[in-house]
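The two complexes that follow have chain A in common; it is paired with chain B in the first and with chain C in the second.
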Partner chain A sequence: MASELNTRALQQVTSESTTPALLSVRNLNKTYPDGTQALHDVSLDIPSGQLVAVIGLSGAGKSTFMRCVNRLVEPTSGQIVFDGQDVTRARRGDLRRIRRQMGMIFQQFNLVQRLPVVTNVLHGRLGYTSAVRGCLGRFPQHEVEQALEMLAQVGLADQAFKRCSELSGGQMQRVGIARAMMQGAALILADEPIASLDVSSSEKVMTILKEVATAQRITTIVNLHQVDFAQQFADRVIGLRDGSVFCDMPTDGLTEDLIRDLYYGHVPQQDEED
Partner chain B sequence: MAVSSSRSAVRRSPAPTYAHYRQYKQQRVRRNLVVWAVVFGAVTWAVWSSGFGLLTLFNGLSESYSFIVTDALPPKLESVPDYLGPTLETLYMSVVGLVISVVISVPIGILGARNTTVHRVVSYLAKSIAGIARAAPSLVITVFFVAVFGVGPLAGTLALGLGGVGILGKVYADAIEEIDAAQIEGVRSTGASWLQILGQGVWPQFKPAFMTWTQYRFERNVRGGAVIGLVGGGGLGFSLISAINLYQFRDAMTIILMIFVMVMVIELATRALRRRAI
Partner chain C sequence: MVQTSTPAEVGGIPTDPQATRRRVTHRILWGLAAAFVVLSVFQLGITPQRFTDALPRASFVWDRMWPPAIDDGGALSTAVVESLQIAIVGTAFGILLSIPLALIAARNVTPFAPLSLAMKGFAAFVRAVPALIWAFLFIMAVGLGPTAGILALAVNSTGMLVKVYAEALEEIPMGPIEALQASGASRSHIAFQGILPSVVRLFIAWSVFRLDINVRYSTILGVVGAGGIGWELTRAASLSRYDVALGITVVIFILVMATEAVSQWLRRRVDDDTAFRVEE
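Let's look at the complex of A and B:
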C-alpha cells in the first residue's frame, strides 16, 4: 500500500512543477570504501523556489546525498545536473563555480572558530574572489557592508566582531545561514541544521530558512530528524530509507502511516536486535 | 557519514564474544612484553658499555670542583665588552637561521600534511626532506658547512637554518593534520580554492601551533648557536673554544655566564611577545 501511495504522490509533485528542475538527480549511487552502500539509485527533480525536507533514520543516506550534490563526497555513479551544469563531470575550476552557487549549512555549523563572525560571513564570497586576496582575507568595502547587512538580517549585527567561538549554537547557525546567503546561491543545502539546537533556536533557524526560501526564491533542501519541523516548514517531503527514496510528496500528503513505515516499518529479516 | 543503523541492509560482522575479548587482551600483553624487553635490554647494554658508575661520578666531582675554583673563578668581568660583539653575532645567526627554517618549513608542512597536500606522493617527499634534515645531528651539519664555507657565522647560520627544517617541517605538518576538518569543509563548501582554503580555513587554526613552535625553535637557535660555534660556526661558542684553547679559563667562565644570561633574556622576551600575539 505504501508503494501505491508513493507513485500517486510522485505524479502529484511532477505534474505540479511546470518549471524545469533546478536540480536533477539521476540514478545516484554511493558506496563507501568500507563497502557501506549509502545511496542506492536515487533519482529526483527539484524545481526552483521549493523548500524540500529530506527525512529518514540516521544512516539512511541523507548527509551523503547532500554532500554528493556539491561533491564534498564523490558519488560512485549516477548523474547530477544543477542549473544545466553537469555536477558529476565538473572539473576543479568548474566545480568551484558550481559550489559557490550552492550555499551549505552544517549540523556542527563548520565555521572557522578563531575568526571573527563577519569574516566567516565574508567567506561566502571566496568563490568570487581572486586566490591571493581570498587567501589573505582581503574583501572589498561593498562586500563587507553586504556581510554586515546579512548579519543584521539574521539578528546578529551586534556580534559581528566577536570570535565565532564566543557565540551560542543558535547564533553560530545563523552565521552559517548568513554565509550561505552571502554566496548569492540559487540552492541552499542544509544538513541537519537544527539537530544540535534547542527548540526555540530551532524555530528561529527554520523560520529564517523559510523566509530566505520564499522571499528570495532560493531552493532549499533541508535534512531533518524532526518530522514535526518538516511538516511545519517544508513544501515537500522526501523520505530516504536504507539509501533509497522511500516516499516523495507534498507535505500535506505525509500521513502518520507513512511516517511510521519510514521510521519503524518493515522489520528486517535478521530479527536479533542489539 | 556512514550507514550504521541496525536496520540497514548492509552486511554486519559477527558480534564479538568473550573469546574475542580474551584474544584482544592477549595481543595487547604480548605487544607490551616485546616493548619492555627491548627497553630493558637497551638500558642494560648502555649502562654496561659506557662504564657508568657512581664511583667515577664521585671522583670527577672533586676534580671539577678544584678546576672551577682555582682555574676558572672568578670570571673576568672586565672582558665582558670584548664578547658583546660575538653575543650579537649569535643572535643574528639565530634570527637569520630561523627565517631560513620557517621559509622552507611552511611549504613542507603544508605539502606534508595529509589534509592539505596536493598528492600523497608529494606529502611523502615533503616529510622525507624534513626527516633527512632531522636525521643529521646539528654539529655534523655545522662541520659540513664549515668545510664548505670556512669558519664563521655563515656556516653556523646555514646549519641552524637547515637543522630547523627537520624539526619545524615535521611539527608544522603534524599541527596542520590535527586541525578541525569540519571548519575546512565549511570553507570548501563556499567554492573556495586551495590557496583560499589555506588562508581562511587552515591558517587561523594552525596559527597558535605555528607561533609556539617557531618561538621554541628561536630559543633553541640561541642555545644551539652557542654550541655550534665550538666547531667553527662563529658567535659566542667560537669565542668560548678559543678561550679554552688558550687556557684562559676565567675568560671562558665569563662567556659561559654570558650565554646563560643571553638565553634567559631571550626566553623572557619571547614569552612576553607571545602573550601579546595570541
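Let's look at the complex of A and C:
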C-alpha cells in the first residue's frame, strides 16, 4: 500500500512540473523517539540551481529537515526523491551513492582536526574511493590537485598543509565548503554554516556559497538564523514553524509582516519552546 | 576524632541522619577489616619468633649471593632476548586483537549496541584473570615455552587495551564522523580517516605503556615455564646458586628500568605535536 502511494506521489512530481525538481519532498514527517514531532507533513520541490534559505525559530525543525534529506535522521514517513532516486527507500549501498551526490556543511565545521587541511578536502572523495585507498588516505594525484584548486577557490591556497586545528573558524568553514564542493555534488546542504562566525567571516562564507550555487549551478539549501543574510543571498526563502512549512516564496516576496508572523506570531506555542 | 560534635551540630542544625548512618557503616567496615587482619595473623601462625628464626637462614642466603655472578652469559642473553620477544610479540598480538574489539566495545561507534556491553564485560573478565593464570592455562594448552607466554600476554593485554582503547574512542568528536557519513564514506573509510586520527596518539601511548607492563610480566612468566629469563632464575634458585640468582635479578632490574626509560621517551614523543606528521 505504501509503495502504491509512493509511486503515485512520484508520478505526480514528474508529470506536474515541466522541469523536474532536483529534490522533491512529499508529506515528510519526523517524530523523534521521545515523542517530539519535529516535522509535520512537509512537502517541497526544489529545482536545480536554486539557493534556498530555510529560516525559522530555534526548534522549528530546520536541522531535522535537512538531515532527513540525506538520512542522517530517519524520516518517520513521507518520501524524498533526489535526482530521480528514492532517498527514503534506499538501502545502505544505494544510500551511500546518493549521499556522495549531496555535500553537507555544518555549523561546527566537523573537520578531522588532526589531519591536514587538504586531506579533509579530499575526504569529499571518499564516496568514490576504494576501501584500501580511502582507508590509507591515498588519493590519486589529479584529486589532490583538484583539492588544492578548491582550496585556492575558497582563498586558502597557502593553508593547504596546515593541520585543521590551526585554522580560524571562518577558515575552517571554508575548508568545509571545499570538502563539500570536492564531492562534485548536485546538492549542497548547509546547516547554519555561519552561526558560529563573526560578521565578516559570515559574509565571506555566504558569498562563496552563493558563487558556487550560481556559477556551478549547484542547488544549495541553507538553514539560517539571520533573516538579513537570507534576504541578501537566497533566491527563495522557506519559513518553517513548529515543523510545518509556514511560508515558501521568492526572496523578494518576504515581507516584514511575514517575518514577524514566522518568528513572533505563535505566542500560544511559546511554552513548548526551549 | 577529638571533636565531640560535628560542625553541623555546632551550628545548631541537626545532623543529616543519612550522614550519621554512613559514618556508622564506615566504622563497622573498618572494625571488620581490622579484626580480619588480626585473625589472619594468628591463624597463619605469624609470630615474632618466626621472623627471628628466619634470620640465620636469610643471612646464609645473603652471604652466598655475593658477589652476584653470571654463570652462562650466552644462555642468559638468549633468555633476555626471549623475554623481550615474548613481551613485544605478545603486546603486538594484543594490540591487533584489541583494536577491532574496541571498535565494537565503544558505545559511540559500535555496530550494534548490545554487543558493546557484551564486549566490555568480556574484556573485564579477561582483565580479572591474572597474567600468570593465563600462562598456566596456555601451558596446558600448548605446552611449556615462549608460545604459552606470548599467548598469555596477548590475552591479558587485550583485557586492558580493549578497555582503554574503547574509552579513548568514546571521547572522540562525533561531528567529523557524521560529516564523512554524509559524504558517502564507507564504514572502513570512517574508521581509518575519521576515527583513527583522533585516537592514534592515545592508542600509541597506552600500547607503549602496556609494552612496559608486559616486559615486567615476561621476566616472571618463565617461573611457571612460559619461556624467558624467569626460567633461568628458577633454575639458579633450585641449584642453590644464589650468586647467579642475584646476577639474574640485577639483569632483570636493568631490563625493566631500560624499558621504562624507553617507554617514557616514546610517550613523550607521542605527546609532542611535531612528532606526528601525516604523510601526504
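Please note the rule applied: the second predicted complex is superposed on the first by the 250 of 274 C-alpha atoms of A that agree within 3 Å, B and C clash if a C-alpha of one lies under 4 Å from a C-alpha of the other, contacts with A are read in each partner's own complex, and residues count from 1 in each chain.
In the analysis below, a residue touches a chain if its C-beta (ideal position, glycine included) is under 8 Å from a C-beta of that chain, and two chains touch if they have at least 3 such contacts.
Bear in mind the structure is a predicted one, so any value in this text is a computation, not a measurement.
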**Prompt:** Quick one: chain B and chain C on chain A, clash or fit?
**Reply:** clash
**Request:** Once the structures are superposed on A, label A:60 by its partner contacts, choosing first (chain B), second (chain C), both or neither.
**Result:** first
**Asked** Touching A:99 in the superposition: chain B (first), chain C (second), both, neither?
**Response** both
**Message:** Applying the document's definition of touch, where does A:32 land relative to chain B and chain C: first, second, both, or neither?
**Reply:** first
**Message:** If you tally the residues of chain A touched by each partner, is the higher count for chain B or for chain C?
**Reply:** B
**Message:** A:242 in the overlay: touching chain B, chain C, both, or neither? Say first, second, both or neither.
**Reply:** first
**Prompt:** What part of chain A is shared between its chain B contacts and its chain C contacts?
**Reply:** 70, 72, 96-104, 106, 108-115, 119, 123-124, 126-127, 129, 131, 134-137, 176, 179, 183
**Complete:** chain A contacts chain C in the complex at 70, 72, 96-104, 106, 108-116, 118-119, 123-124, 126-129, 131, 134-137, 144, 161, 176, 179-180, 183, 189
**Fill in**
Note: in the complex, chain B contacts chain A through residues 1-12, 15, 180, 182-183, 185-196, 198-201, 204-205, 207
**Complete:** chain A residues touching chain B in their complex are 32, 34-38, 57-61, 63-64, 67, 70, 72, 96-104, 106, 108-115, 119, 123-127, 129, 131-132, 134-137, 176, 179, 183, 242-243, 268, 270, 273-274
**Message:** Which stretch or stretches of chain C touch chain A in the complex?
**Reply:** 173, 175-176, 178-186, 188-189, 191-194, 197-198, 200, 276, 278, 280
